[in-house]
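Two complexes follow with chain A in common, the first pairing it with chain B and the second with chain C.
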Partner chain A sequence: MNKLLILLVLGFVFAHAGAQNRYFTKDAKIIFNSSTPLEDIIAESNQATTLIDIDKNEVAFSVLTTSFKFRRALMEEHFNENYMESSKFPKAKFTGKIISPIDWKSEKPILVDVKGILTMHGVSNEIVLKAQITPGKSKILASAEFMVTPEAFHISIPSAVRDKIAKEVTIKINAVYAPYQQ
Partner chain B sequence: MQFTHLINNNTLNMSQRKTVQWLLWIFLIGLITAFSAIYYAFNMPRRNLAKENSAYLLSAKQLISDFRNDETIATRKYLDQAITVSGEIESIRNLDNHSMVFSLEDAMEGVSCTVDSADVVTYSSKLVHFKVGSQGTFKGRCSGMLMDIQVINCVPFQ
Partner chain C sequence: MHLIIKDMKINSLKPVLILGIMVVYALPCWSQDLDSLLEKAIKPQTVYTSATFKSTRIVNGHSVEQMKKKQLDFRISHRFGDINSGSYNLYGLDNGLIHFALEYGLTDWLEVGIGRSTYQKTFDGFAKVSILKQSSGVRNMPVHISYLFSTEYISLNTDTLMTNPYSRMSYIHQILIARKFNENLSLQLTPTVIHRNLVPTELDKNDLFALGLGGRYKLSKRIALNVEYYYVYRANEKAISQSIPTPVKYYNPLSIGIDIETGGHVFQIMLTNSQAMREGGFIGKTTETWSNMGIHLGFNISRVFSFSKQ
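Let's look at the complex of A and B:
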């Protein structure tokens, strides 16, 4: 019951789904890149939790913002304290649905559209992103890349450093899902 | 250049020259201090959990219980704090970036202690003794809860 409650937090309703129809990983990689010619700003987290329900074509991601690692400690400090306000908003989440047709038995890579709600810094926005999914019985591979603007999530960048941070931040996701065992 | 010009200028008397020289030194020291401060801030070292005192020393079961009881309060209490946590190792995972994750008390909903790739090398002689079913103690930085409670930048203890 406790597990079910936690999964509901990630945006899933499992009432009618069987365990073999859900795939899961706690080690998904998320990279964000807001580099400009003046500064390389790349951060990586290998600890995103994500689920796919292949019956409902639903997908959910959740990551702790303090798990992102930067090249410089100062960037990490600014990211958590000034921009993401990680103590107030410790998680970033995405819950969405694959809106393109997908054959989960094909085992061939397919490009799909995923529509959902991305929540970070306490602000939710609807986004549509392209993802490549390679279905499989024992594992599912998924990757996606999309852009967000800090302003859309009420993240204000001081004018002194505005030129060092890209106006659009690129977010890349890579996940290898295994069947979820309850 | 202008300061040098003023010092060498014969129109200044001895006392004025000394004042200008002092001002020049103060300016230079200020400049070096400011530059050093900016350089340090820009290249400030990462937190070294091995050298930090733990704010909390507790069992994995206690940490799990605190987060399950009230995630908001527990997050406020433990987030970004150095904690030392002990429990039974339920699973060990090797990540693509060569870091290792040790799950305490429950593989899915327990406490996940991540040892960074550099520390996997540094503490390899200790980590070989950490096996599924054995007791493990880690000091790290609590980054909050998803399904599991995540403790990152961990240093292992026997």
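Let's look at the complex of A and C:
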């Protein structure tokens, strides 16, 4: 009976050992850019939280849309009030999987494809994006750039300002991960 | 646990054990859901309510909104004449008063502004301080509270009594208490004290107490309906009505406006029984009423410039 118990405990410990292989940061940078020749529309958040699981090659992002800072306060208000509807949909999220092979021991930058679900403004869309990852034992660097269209996320842009806002929004991500402590 | 196991038969334990093993091995799988792990890692935050009103004014009076740091608001306001002044004056459109102002956010909680109005050739200056901001989350605050201090200086040359420059001044204190109830509805209470250094007659009090009630209802994302009323407490109302000759009778200002927001501008179009556009005027010296069609068509235009370098 005692042997069984020991086995159980050991099994539990081994099963949890995998949990060490996660990396985390709560101050990843996201830059949002929908500028046109008529208007600079660029915002930055340094408060994105993200986790990467190097066993499962999974990655998850979460950011409060109100954490995006614009140069013009009025633009920031309109971004939250009229477009993102931040009080209704406070977070933008991404959960995905690295679908190209990656050697986490190499410590050299590598370009990978990440496929996952991007949710914002209450709408989820599957996207595939290119990311550059630099693996490391004490830290992992990751950056990515991709485009989304406001329509895909049911964000309507009134005709009066349609020429001032880019049809495709560029999103740039920069994250420096450290080992995740629970 | 050990004791219980001893007393029981192995057979009856088997299902319990299997279940136990399943639970124990399944646990890491649950916690390995990266998404829920992420949710746990995010510390709860305070979310501050924004855009309680579309503009720094509800109609005539201040709202709790202010320019954020390094943002400059250039405002032009216009109130046409009385609608009841007849077709000869094109229902008031022939004559109007103008007010223009420059208002600047020194910090996210302090705004200062200067302005000038045709009404009695008045100069004005104000400071608006956000004391509490409505928020939810870690720090829960049901209302936004601001304090407004404003000074007005009448530079009009006609009143012979106003030889002393100080007698031309008045001071306005307001506490603005607002709550955004939901995306569409915001309400504001505005207790007000106005001190005039000089008043027209003995019966007019130097200190005037008023309570403002304001609200906005969003009709769409970019259009809102605003209503604003100030109840003004006049101590000598009865004496004023009985005195001969009768001094000018003042009324409470009621204004109804529509906000239209177009990117960098906010247009406010309104109907109001007050032609003055600053507190000393519209709260203290409104001489027309809605009941006799002493209504003015007017508008405020706000254009915001940013001096912030990110």
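Criterion: the second predicted complex is superposed on the first by the 164 of 182 C-alpha atoms of A that agree within 3 Å, B and C clash if a C-alpha of one lies under 4 Å from a C-alpha of the other, contacts with A are read in each partner's own complex, and residues count from 1 in each chain.
Just so we're on the same page, a contact is a pair of C-beta atoms (placed from the backbone, for glycine too) under 8 Å apart; a residue touches a chain by one contact, two chains touch by 3 or more.
Source: prediction; values computed, not measured.
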Chain A as common anchor, with chain B and chain C clashing or fitting: clash
First, second, both or neither for A:26, with chain B first and chain C second: both
Contacts of A:60 with chain B and chain C, given as first, second, both or neither: second
Which of chain B and chain C A:112 touches, first, second, both or neither: neither
Partner chain(s) touched by A:142 [first = chain B, second = chain C, both, neither]: neither
Chain B versus chain C as contact partner of A:74, first or second or both or neither: both
Chain B versus chain C as contact partner of A:49, first or second or both or neither: both
Touched partner set for A:82, first chain B, second chain C, both or neither: second
Contacts of A:164 with chain B and chain C, given as first, second, both or neither: second
Among 2-10, 92-100 or 146-154 on chain B, the segment whose C-alpha atoms clash with chain C after superposition: 146-154
Contact residues of chain A, present in both the chain B and the chain C interface: 26, 44, 49, 62, 64, 66, 72-74, 77, 80, 87, 90
Residue ranges of chain B in contact with chain A within the complex: 41-47, 68, 75-76, 79-80, 93, 95-97, 99, 101, 108-109, 112, 114, 141, 143-148, 150, 152
Chain C - residues contacting chain A, complex: 5-6, 10, 17, 20-21, 24-25, 27-28, 31-32, 34-35, 37-39, 41-43, 45, 47-51, 67-69, 71, 105, 183, 221-222, 261-264, 304, 306, 308-310
Of chain A, residues touching chain B in the complex: 2-3, 6-7, 10, 26-27, 29, 44, 46-47, 49, 62-64, 66-67, 72-74, 76-77, 80, 86-87, 90-91
Chain A residues touching chain C - in the complex, by the definition given at the top: 1, 4, 8, 11-12, 15-16, 18-19, 22, 24, 26, 44, 49-51, 53, 56, 58-62, 64, 66, 69-74, 77-78, 80-82, 87-88, 90, 93, 95, 158, 160-161, 164, 180
